[in-house]
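Below you'll find the structures, each written out as C-alpha cells.
Note that chain A is present in both complexes that follow, paired respectively with chain B and with chain C.
Here is the complex of A and B:
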C-alpha cells in the first residue's frame, strides 16, 4: 500500500493510472507531431524537410501501432475492450478513442503511406524474389498501374489525404488532452488549455523525435546528414517549442494568479513530490535548456559539427522534457487528494504488469517496428538505395 | 426442425416462463416495485452521527466489500482556529469501521461525516464510462454492470468524492449501489438499518409522503462540492464549510 500524508479519501490512496498511461499520451504525441512535420513538405511545400518526409510517416505509423498497447495492458478486462467499438457510450470522451484512432490509422496514415509508396511497392514486387515478392504483391493490393497519369492521381489524392490528415492529427492528440482536461473532479487536469497544450507538446516531441531519428539513421547508414533539412526541422522545433512553452506558462501563471481552493495543494506538490520531474526535468532541463540551445543556433552562425551536436542534445532533452510533462500530468494529477488535504505516493514496480520493464518494452517496440518498416519500405531517395544495399551486403 | 403443432403448444408456456425469467432481471419485473415511481436519495444528519462505524461494517458484510476498500466510510473532522486561521485535521482509520479513538484535545470543533456515493443526477462517472457499464437507473441510483465494465478506471478519476474503487478480484469498478437489491424489495439500505442514531435515512424524493420533503423544507441542507454541479443526492444536514 502506498504511503501517504495528511488525509486521503480511503479509496484514493492507490493510484489508478500507472506509468503505462503516461506512455499513452507520449506515444500518440509522437505520432501527431511526426505527421505534422511530414505534412509540412506535402501541403506547405517546405522542400527543405523533404528528406524526413517518408521517415516521418513511417515513424508516425510505428508509434501509432504501439499507442493502444499501454491502454490494453492497463485495462482490468482487456478482453472487453472491443465493446468500445461495438457499444460506445456517446457521452464519454474515452469512448471516441477507438474511432479517432482507427480513422487516423486507416483513413489517413496507412492510406497516405500506401499512396506515396505505391510506385516503389509495384517496382519491388517485380524486382524482388521469394517471400519479399509475395509481401510486395500483397501490398500492391492488385494495382500495378504506375503510369504517369496514375502516379499523378496518387499524388493528388495523397495531397488531399494530408490536408485531411492535419486536422486529424490535431484531433488525435487534442482529443487525448481532452480526456484529461474534461475531468472537472481533478483541478490539476481540468483546464480548457489541456488539449491545446497537449497538441503543441505533441508537435514538439514529434518534430524532435523525427529530427533525432533522421540523424541517427543517417549515421547508421553512413550517409551525410542534409544540414539544410535538419536546420529547417530545428527551426520549426524552436518555433513550436516557444508556443508550447508560452501555453504552459500561461496555464501556470493563471493558476498562480487565480489561486483557487486547489492551489495550495498543487503548489505544495510542485515544491515537493513533483519538484524533480516538473521543475528540474520538465521545465529547466526539458524545456528552457533546449529552447536556449535552439535559440543559439538561430542567432549565431555555428559550424556544422557544433549544430549537429546542439540539435542532438536539444532533441534528446526535448523528448525527456515531454515525457516528464506527461508524467507530471498523469501521475501528478493523482498524487493529491480530491479533498485537498493529503498526498499519496506512486511506487512503480519493476516487473509488474504495469511496471517499469513493460514501459521500457513499450518504448522500444516502436523503434523495432520502425526498423522493420524501413526494411520493407525504404524511405530514402532512389539514388541512395543502391548505397543502402551495398552497405547492407558489406555488413553481412 | 420438425415441430408439430402439439409440441409447439406444449413449448409455448415454457417459452413464456423463460421470457418472464429473463424479464425478472429488470427491476420493473420485480413484484410491487416500479422504477418510475421512485427517485432515491439519502439524508445524512451530521449532528446525529456518533462515528460508531456500524454503517461501514454493515455495508462491508452486506455487499462483501474487500478489506481496504469502502463503499461507505466515516471521516472525523477536527478543526481548530488560531488568529482566524483554521487548522483542519481529518482522519478515517480503516474507513471508520471500528469507530474512532476519543480525542483529548480541547477547544476543537469535532464532528463525523459519513460518506458514500452521492448517486448524482448528473454524475460525472456515468458520463465518462466508455461503454456505458456505469449507468443511472430510472429511479435515480447509479449502478455498474459488472459483466460489462472494462476496468479502465476513468470513472474512478471522474468521481469528485472518491467513492469508487477497482475490486482487486473482479478488476471492475465498484461502489455503493444504495443496496439496490434491498430497496427494490421494500427494505432500507444496510447502513441505514443499523445506524443507532438514525443519522442516515434513505429518502424517496418521488414519494410525496416521504418525510424528506418536510425535512428539506425546514432544515439548511447542503450537498458536497455543490460548485461541481453533479446533482448530488446525498443531502447533509449541519454540513460544515470545511468538509470536502
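Here is the complex of A and C:
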C-alpha cells in the first residue's frame, strides 16, 4: 500500500495511471513533432532540413506504431479495446482515440511515406533478391510506373496529404492534451491551455528527437553531418521551445494569479513531491538550460564541433525535460487529494506489467522499429542512393 | 494526365476501399443485433440479466420465518442493516431452509467491513481501529451482532473501553 499523508479519499490513495500513461503522450508527442518537422520541409519548401525529411517520417511511423502499446498494457482486457471501432461512443473523447489514431496512421503517415518512397520501392523491387524482393513487390502494389508524369502526380498528391497531415498531427496530439485538459474534476489538468501546451511540447520533443537521431545515424553511417540542416533544425527547435516555454509560463502565472481553491495544495505539491521532477528536471534542466544553450548558438559564431556538442546536449536535455513534463502532468495530477488536504505517493514497480522494465522496453522498441524501417526503406538523399542500393544488393 | 500514370494511386485507393468494406462487413457480423436498441449497450442484455437466478431474497422474506431475530434486531442499532448484508445472499436458503444452510459468519472479517476506522467515512458513523479495539478477538465475543450496543452491565463485567 502506498504511503500517503493528510486526507485522501480511498480511491485516490493508489494511482490509477502509471508510468505507461506517462509514456503514451511522450510517444505520440514525438510522432506529431517529427511529422510537423517533415511537413515544414514539404509545405514550406525549406530546402535546408531536407536531409531529415524521410528520417522524420520514418521516426514518426516507428513511434506511432508503439504509441498504443502502453495503453493496451494498461487495460485489464486489451482485446476489448477493439470494440471502440465496432461500437464507437461519440460522447467520449477517449473512445474516439481509435479513429484519430487510425486516420493519422493510415490516411496520413503510411500514404505519405508510400508516395514518397514509391520510386525507391519500384527500383528496389527490381534490384533486390529473396524475401526483400517479394516485400518490395507487394509494396509496389503491382504498379511499376515511375515515369516523370507518375512521379509528378505522386508529388502533388503527397503535398495534399501533407497539408491534410498537419492538422491531423495537431489533432492527434492536441487530442491527447484535450483528454487531460477536459477532466474538470482535476484542477492540475483542467485548463483549455492543455492541448496547446501539449502540442508545442510535442513539436519541441519531436524536433529534438529527429535532430538527435539524424546526428547519431550520420555517425553510425560515417557520413558527414549536414551542418546547414542541423543548424536549421536547431533554429526551429529554439523558436518552438520559446513558444512552448512561454505557454507553460503563461499557464503557471495564470494559476498563481488566479490562486483558486486548489492553488495552495498544488503549490505545496510542486515544492515537495514534484520538486525534483518539475522544478529541477522539467524547468531548469529540461527547458531553461536547452533554451540558453540554443540561444548561445544563435548569438555567437561557434565552430562546427562546438555546435554539434551543444546541439546533442540541448537535444538530450530537451527530451528529458519533455518526458519529465509528461510525468509531472500524468503522475502529478494524481498525487493530491480532491479535498486538497492530502498527498499520496507513486510507487513504480520494476517488473510489474506497468513497471519500469516495461517502460524501458517500450522506449527502446520504437528505436528498433526505426532501425528495421531504415533497413527496408533507406531514407538517404538522392545522390547516395545509387551507392546504397548497390551496397544493399551486394551485401545481402 | 494519362490514366496510366494514376494507376498506382487507384490501386491504393482500391485497397483503402477494400479495407473499408471489410471493416463494415466485420462490424455487421460482430456487433450484436440488439446493440443500440435502447441505448449504448446490447438490448438483449436486459433479458439475460432478468433471467439470472435471484440471489438475494430480501429483508421481507427473512421476516416470514425469522420474526424472532427481527424483533431483536429492530431494538438495536442494526435495525436498518438488512439481514443479507451480513449473512450474504440467501435466496436459496429462503426457498428451502433445511437443504441450504447459511454459512457461519466470521465476525472478525464481517464487522470491520463496515466499522474499520477510515478518515473518508463520516465522523458520525461508529468506527473502531480493530487492532486496538478488539486485539484479534472475534467481535461477537462482546457484541451481539443483532443488537450490537453493549449495555451498561456488560460494560462493567467484561468489555474493555475502546
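Observations
Assume the second predicted complex is superposed on the first by the 383 of 396 C-alpha atoms of A that agree within 3 Å, B and C clash if a C-alpha of one lies under 4 Å from a C-alpha of the other, contacts with A are read in each partner's own complex, and residues count from 1 in each chain.
Heads up, the rule we're going with is that a residue touches a chain if its C-beta (ideal position, glycine included) is under 8 Å from a C-beta of that chain, and two chains touch if they have at least 3 such contacts.
Every value quoted in this text rests on a predicted model; they were computed, and no experiment measured them.
In the model built by aligning both structures on chain A, chain B clashes with chain C. Residue contacts after overlaying the shared chain place A:147 against chain C, while chain B stays out of touching range.
By the touch criterion stated above, A:87 is placed in contact with chain B and with chain C alike.
With both structures placed on the common chain, the touch criterion links A:340 to chain B but leaves chain C unconnected.
Shared-chain residue A:7: touches chain B and chain C both. A simple residue count on chain A separates chain B from chain C, and the partner touching more is B.
Residue contacts after overlaying the shared chain place A:114 against chain C, while chain B stays out of touching range.
After overlaying the two complexes on the shared chain, residue contacts for A:157 are found with chain C alone; chain B is out of touch. In the three-chain model built by superposing on chain A, chain B overlaps with chain C at stretch 117-125, while the rest of 63-71, 117-125 or 153-161 show no clash.
Comparing the two complexes, residues 7-10, 87, 89 of chain A contact chain B in one case and chain C in the other. Only residues 1, 7-12, 14, 16-17, 71, 74-77, 80-81, 83-84, 87-89, 91-95, 97, 179, 183-186, 334, 337-341 of chain A touch chain B when the two sit together in their complex.
For chain A in complex with chain C, the touching residues are 7-10, 85-87, 89, 106, 111, 114, 118, 140-143, 145, 147, 149-150, 153-154, 157.
Across the complex, chain A is touched by residues 1-2, 4-9, 11-12, 15-16, 19, 23, 26-27, 30-31, 35-36, 40, 118-120 of chain C.
Here chain B touches chain A in the complex through residues 68-70, 73, 75, 88-92, 95, 115, 124, 126-132, 148-154, 156-166, 170-172, 228, 244, going by the rule given at the top.
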